[in-house]
Amino acid sequence: MTFTDLRSDTVTKPGPAMRAAMAAAEVGDDVYAEDPTVRALEEYVADLFGQPFALFTPTGVMANQLAVRLTVPAGGELVLDADAHIVAHEDGAASAQGGVQTRTTLSPRGLLDPADLARLIRVGNPYTVGTDLVAVEQTHNRGGGSVYPLERLTAIRELVSGYGLPLHCDGARIWNAHVATGTPLRGYGALFDSLSVCLSKGLGAPAGSVLMMPAEYEAEARRMRHRMGGGMRQAGILAAGGRYALEHHVERLAEDHEHARELAVLLRDAGFAVADPETNIVLVELGERQPDAAAIAERCRADGVLVSAFGPRLVRLVTHMDVDAAGCARAATAIARAAKG
Amino acid sequence: MTFTDLRSDTVTKPGPAMRAAMAAAEVGDDVYAEDPTVRALEEYVADLFGQPFALFTPTGVMANQLAVRLTVPAGGELVLDADAHIVAHEDGAASAQGGVQTRTTLSPRGLLDPADLARLIRVGNPYTVGTDLVAVEQTHNRGGGSVYPLERLTAIRELVSGYGLPLHCDGARIWNAHVATGTPLRGYGALFDSLSVCLSKGLGAPAGSVLMMPAEYEAEARRMRHRMGGGMRQAGILAAGGRYALEHHVERLAEDHEHARELAVLLRDAGFAVADPETNIVLVELGERQPDAAAIAERCRADGVLVSAFGPRLVRLVTHMDVDAAGCARAATAIARAAKG
Amino acid sequence: MTFTDLRSDTVTKPGPAMRAAMAAAEVGDDVYAEDPTVRALEEYVADLFGQPFALFTPTGVMANQLAVRLTVPAGGELVLDADAHIVAHEDGAASAQGGVQTRTTLSPRGLLDPADLARLIRVGNPYTVGTDLVAVEQTHNRGGGSVYPLERLTAIRELVSGYGLPLHCDGARIWNAHVATGTPLRGYGALFDSLSVCLSKGLGAPAGSVLMMPAEYEAEARRMRHRMGGGMRQAGILAAGGRYALEHHVERLAEDHEHARELAVLLRDAGFAVADPETNIVLVELGERQPDAAAIAERCRADGVLVSAFGPRLVRLVTHMDVDAAGCARAATAIARAAKG
Amino acid sequence: MTFTDLRSDTVTKPGPAMRAAMAAAEVGDDVYAEDPTVRALEEYVADLFGQPFALFTPTGVMANQLAVRLTVPAGGELVLDADAHIVAHEDGAASAQGGVQTRTTLSPRGLLDPADLARLIRVGNPYTVGTDLVAVEQTHNRGGGSVYPLERLTAIRELVSGYGLPLHCDGARIWNAHVATGTPLRGYGALFDSLSVCLSKGLGAPAGSVLMMPAEYEAEARRMRHRMGGGMRQAGILAAGGRYALEHHVERLAEDHEHARELAVLLRDAGFAVADPETNIVLVELGERQPDAAAIAERCRADGVLVSAFGPRLVRLVTHMDVDAAGCARAATAIARAAKG
């Protein structure tokens, strides 16, 4: 059976042109910072966002965790929303490996409200833990691919700067926000002290993320990347795939967004509670009379459609370059059938 | 100058009878679990709350941290309110030393709402961090000595049990809740899987807390206490002070509550925004036109009155056995004078 | 049954005069650094060793761990001997709570050889972990109360200084080295960047150690002590016991050393392999034909004598102020009987 | 200038056939364990060593660290030699991220002596840290590519089994030991509970290692790999390179060993102290009258030859598939010239 896979945009696979680019990549030993294709990718991405320094990492988890751990000492505090990828899907790494305390609040669609943030941030003193870093996620995965409006981000930036604190963006899917809103990448880049972006989700590269940070962190970032097990040698093979993705697959994310909207319409027509997708993620909230998410996912799989059980009664579908409109229609049909049992 | 010290109820000092009890204590080596006075105190406290096992610790931080670390693995998650002592005043210990991820939400007066809690708790799977422990604080320090009504605690207990999770209570000042509400200690004890109580705050012992947990944790709790540096030898000296405090200083907390109410009236009369104190803590919110908390604290000190700057515009006063009604009046006067500049 | 307890000198109990001193102690809140008896003890001990700053801690584990963690970052390295208390009896705390890597070598009687130390210390670079701290133990517990000769310590100091590294001394029983060799405490104090000393072993106080370090660590040391759960409030009660011990129980350690020598003679006469004790610890190596250490300890206990099984075939006896010559004779007899089975 | 690069065998680059294999690789999402090329590589490697389970990782550091952290709890102990890669070149990761205590001893050529090991291993009890894991390194990097004889490994295995403990092998260069000694890979595989092997050193793949462990660790290993940031998506691209390397580049390591021997002869002829290389690593110990290692490395670089300063007076040269006999001769000449200054 051929599967229509909407579990995540991570499942995207490299096509022939990207593969050719990887096969032709000039490489070196990136632990010695001598892989020319990696270095070129890092400079290319830094330039896209107007950031001073970039470092290639095997995964987005590593990119986020490097930003957090380089900025927050053990026993220090990271403030973010309670549904952020960093606290939901990174295995507690910031705390487990870096000793970082996370402090969060529940926020609609995962988007922090500046007023809540003002209540969360704390100035440290000898008897009180102070906040060391604030993080936002753009677009927000668990929020359903939700997008922070630029004004909200700007307000957060000002608030955070008022405390003299750095602001991190988990921008794994910032490309989707850029395409959905038209905000230039440099417009986002100017707001953050550190920023991680992913090459292997909607962009379709096989692996790799890029972390941007102030340049003074370079030595420590390379060291920490090595400690975490991310010091790959001839990483230019992967970097070449990422570069190809950046040059060819950003603008086409608009198609994924279009597919997501179509999928939402089909699902709503079939009687499901589905919010308007802002980008490429569709969340389906299951009612009390419907099967739970795990059952839906299992039945859809039997029908050739893969979706994620994202909560007991929450199904997530993610559109991407390897699924077309017909695939979305197939998925909507399968879910409707699954819900009927 | 003699100071009226309302910074905290931790400043309470042992009187002659408590000192005599300590001097007469039979002792042994508590690392070998052979100090009879410590053992007796542990059994006494466990019995007060109807809990199966108790362990003496040098401090409340250690008691809370033991409960968290024995229950939550590194990379696991503790859910609690965003102003809890555990995330505000324990130096990030759960994360820094135990690798525990904390996930929180802002709550009025620090008291978790069961509906919010239901949104916070997460069932883990291979791709998602699951919650391992939920904690409440009774009374709530940063919430202004606020008290969870028994029904709210019962609802939280049911919710948490529905997920098969344990519930911890930071009960440093649970004595105040008991006295203020009349809820029996065993009524509280029945609700929690683990519970820490403090002997050196309102109760007036020089040092020490007691942690209660399921008895199967005993060996690991002793080990972890030793690792944290809490394996004191002839600790019976301190335990004797705690025992005296428990036998003589619980009911008198009602006086502290009365003093707090009087202090609040005086401060309100003087034009300050002060909520009705539920127990022995009075929080004064300073207006934009008033000096900030640090300035108030500094001026009061010059006037012989010690208070805590608990936030940029928040002053905390805590009543206790070493301050009488006259002391409270003196404090109210000093604060009023300080606010005028 | 009355026990003769030679398991450790930690079992020493406070007598009437020490208890009276504790009962009379003036106290304050030591988390605010306001306990006068604690402050006086800290200054007294710092002065004894000619060190700039001292901090009272509940236990020796906490004192050592503070020194290590304040000096070595997570991922940094502590070099010491393979049988040091820090790696044998502190529950892996430096690594578990501070992320510190320990690197060791086996050394006769636990005393590091400068030539081995030179091979162990490593200068860090981007690809190699460098050493951050070296530690010695004086006297050495698992080495059998062995004493570093001053010349050896001086050679180690010079070697370590040549690398620009700090040197820590776990001086839990440095009093015994001082009394055994006549080396002034300031002679030891001058050699170390940080130094922990214990009040509750041979000196007989109920609890407490003192850490000495450069004064610039004070704020961080208080913070870390609080994080570890060592921020006791009216700790002056314990500090008064420690002060009494320092003023009355140092020189008498010579008696314990004499008792250890007598015990060794008795045990050798009874056919055991026993090295000459240098201070107050006697190690008995059991032969293949003798019962193992656990069996010896169990049989002695039935005979009213408590000893430690310190390894599968190693028994440790520690003399102290609560055991006299008759007690030592009783112990020798019990061990001989136990070995016969 | 074209460089002759003997800094490490990590600098090896993929050739056309390996690149073609990578470009043609069938891929899937390896976080979902669905990448067929990764799965096939894992099975292939597990079969080579007769091990039950294998997991692909981006780097050897991650493979080693997974083995350590899955086997040793925080506060537990790993015993190994003092020059092991795990404590020299992995940035303290076991301690920093896993809270693991390392205990080591100095060993000639990095090869543990069973008698020393017997003294290092400790059985835990409530007051003593016990050993949880023993590790060896085959071949040993800092030992100069030294090879454990099979009998020594077998003796260590028996000793370790006697304590009921697992034995890990850092087998980054176990291929070299296999080729140098003729010991079958399964002969090694049978000795270890866990084993990491590297594809990107002498074998010439661009990146990747493989960890073998008991199959019951699979779920936790995947989780921990994700937490460390090693959950790459379409990792089959890299796995295809590793598979090609395994099928084509193992036996040719004999050439590297031959080159190392030739290099050693040339260097000895030029007056340097050089031990007989056992595999592909040549260590040059510089005398007091010669320039130090950093100076040698710098001068060689100016001469087009890259070598590693491996200690203040220690130079390391590593032969590999991208350097031929002429390159080795060039290197020997450059070093001789550099030493003359």
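Read from first to last, the chains carry the letters A, B, C and D; within each, the first residue is number 1.
Just so we're on the same page, contacts are C-beta pairs under 8 Å (C-beta built on N, C-alpha and C of every residue); 3 or more make two chains touch, one makes a residue touch a chain.
Computed from a predicted model, the values in this text were never measured in an experiment.
Chemist: Under the touch criterion given at the top, what is the topological distance in steps from chain B to chain D?
Modeler: 1
Chemist: Which other chains touch chain A while also touching chain B?
Modeler: C, D
Chemist: I'd like the Å distance between the centres of chain A and chain D, where a centre is the mean of that chain's Cα atoms.
Modeler: Centre-to-centre distance between chain A and chain D: 34 Å.
Chemist: On a C-alpha centroid basis, what's the spacing between chain C and chain D, in Å?
Modeler: Computed value for the inter-centroid distance: 39 Å.
Chemist: Roughly how far is chain A from chain C, going centre to centre by Cα mean, in whole Å?
Modeler: That gives a centre separation of 51 Å.
Chemist: At least two partner chains per residue is the criterion; list those residues in chain B.
Modeler: Only 31, 74-75, 90-93, 96-97, 99, 127, 223, 226-227 qualify.
Chemist: Name the graph shape formed by the protein chains and their touching pairs; answer line, ring, star, complete or other.
Modeler: complete
Chemist: Spell out the part of chain B that touches chain A in their complex, as residue ranges.
Modeler: Going by the criterion above, the answer is residues 74-77, 82, 87-97, 99-106, 116, 119-120, 122-123, 127-129, 312.
Chemist: Mind pulling up the chain D residues that touch chain B in the complex?
Modeler: Result: residues 31, 74-75, 99, 126-127, 219, 222-223, 226-227 of chain D touch chain B.
Chemist: Quick check on the complex: what are the chain D residues that touch chain A?
Modeler: 7-8, 10-11, 13-14, 19-20, 22-24, 27-29, 31-32, 57-59, 61-63, 65, 90-93, 96-98, 200, 206-208, 223-224, 226-238, 241
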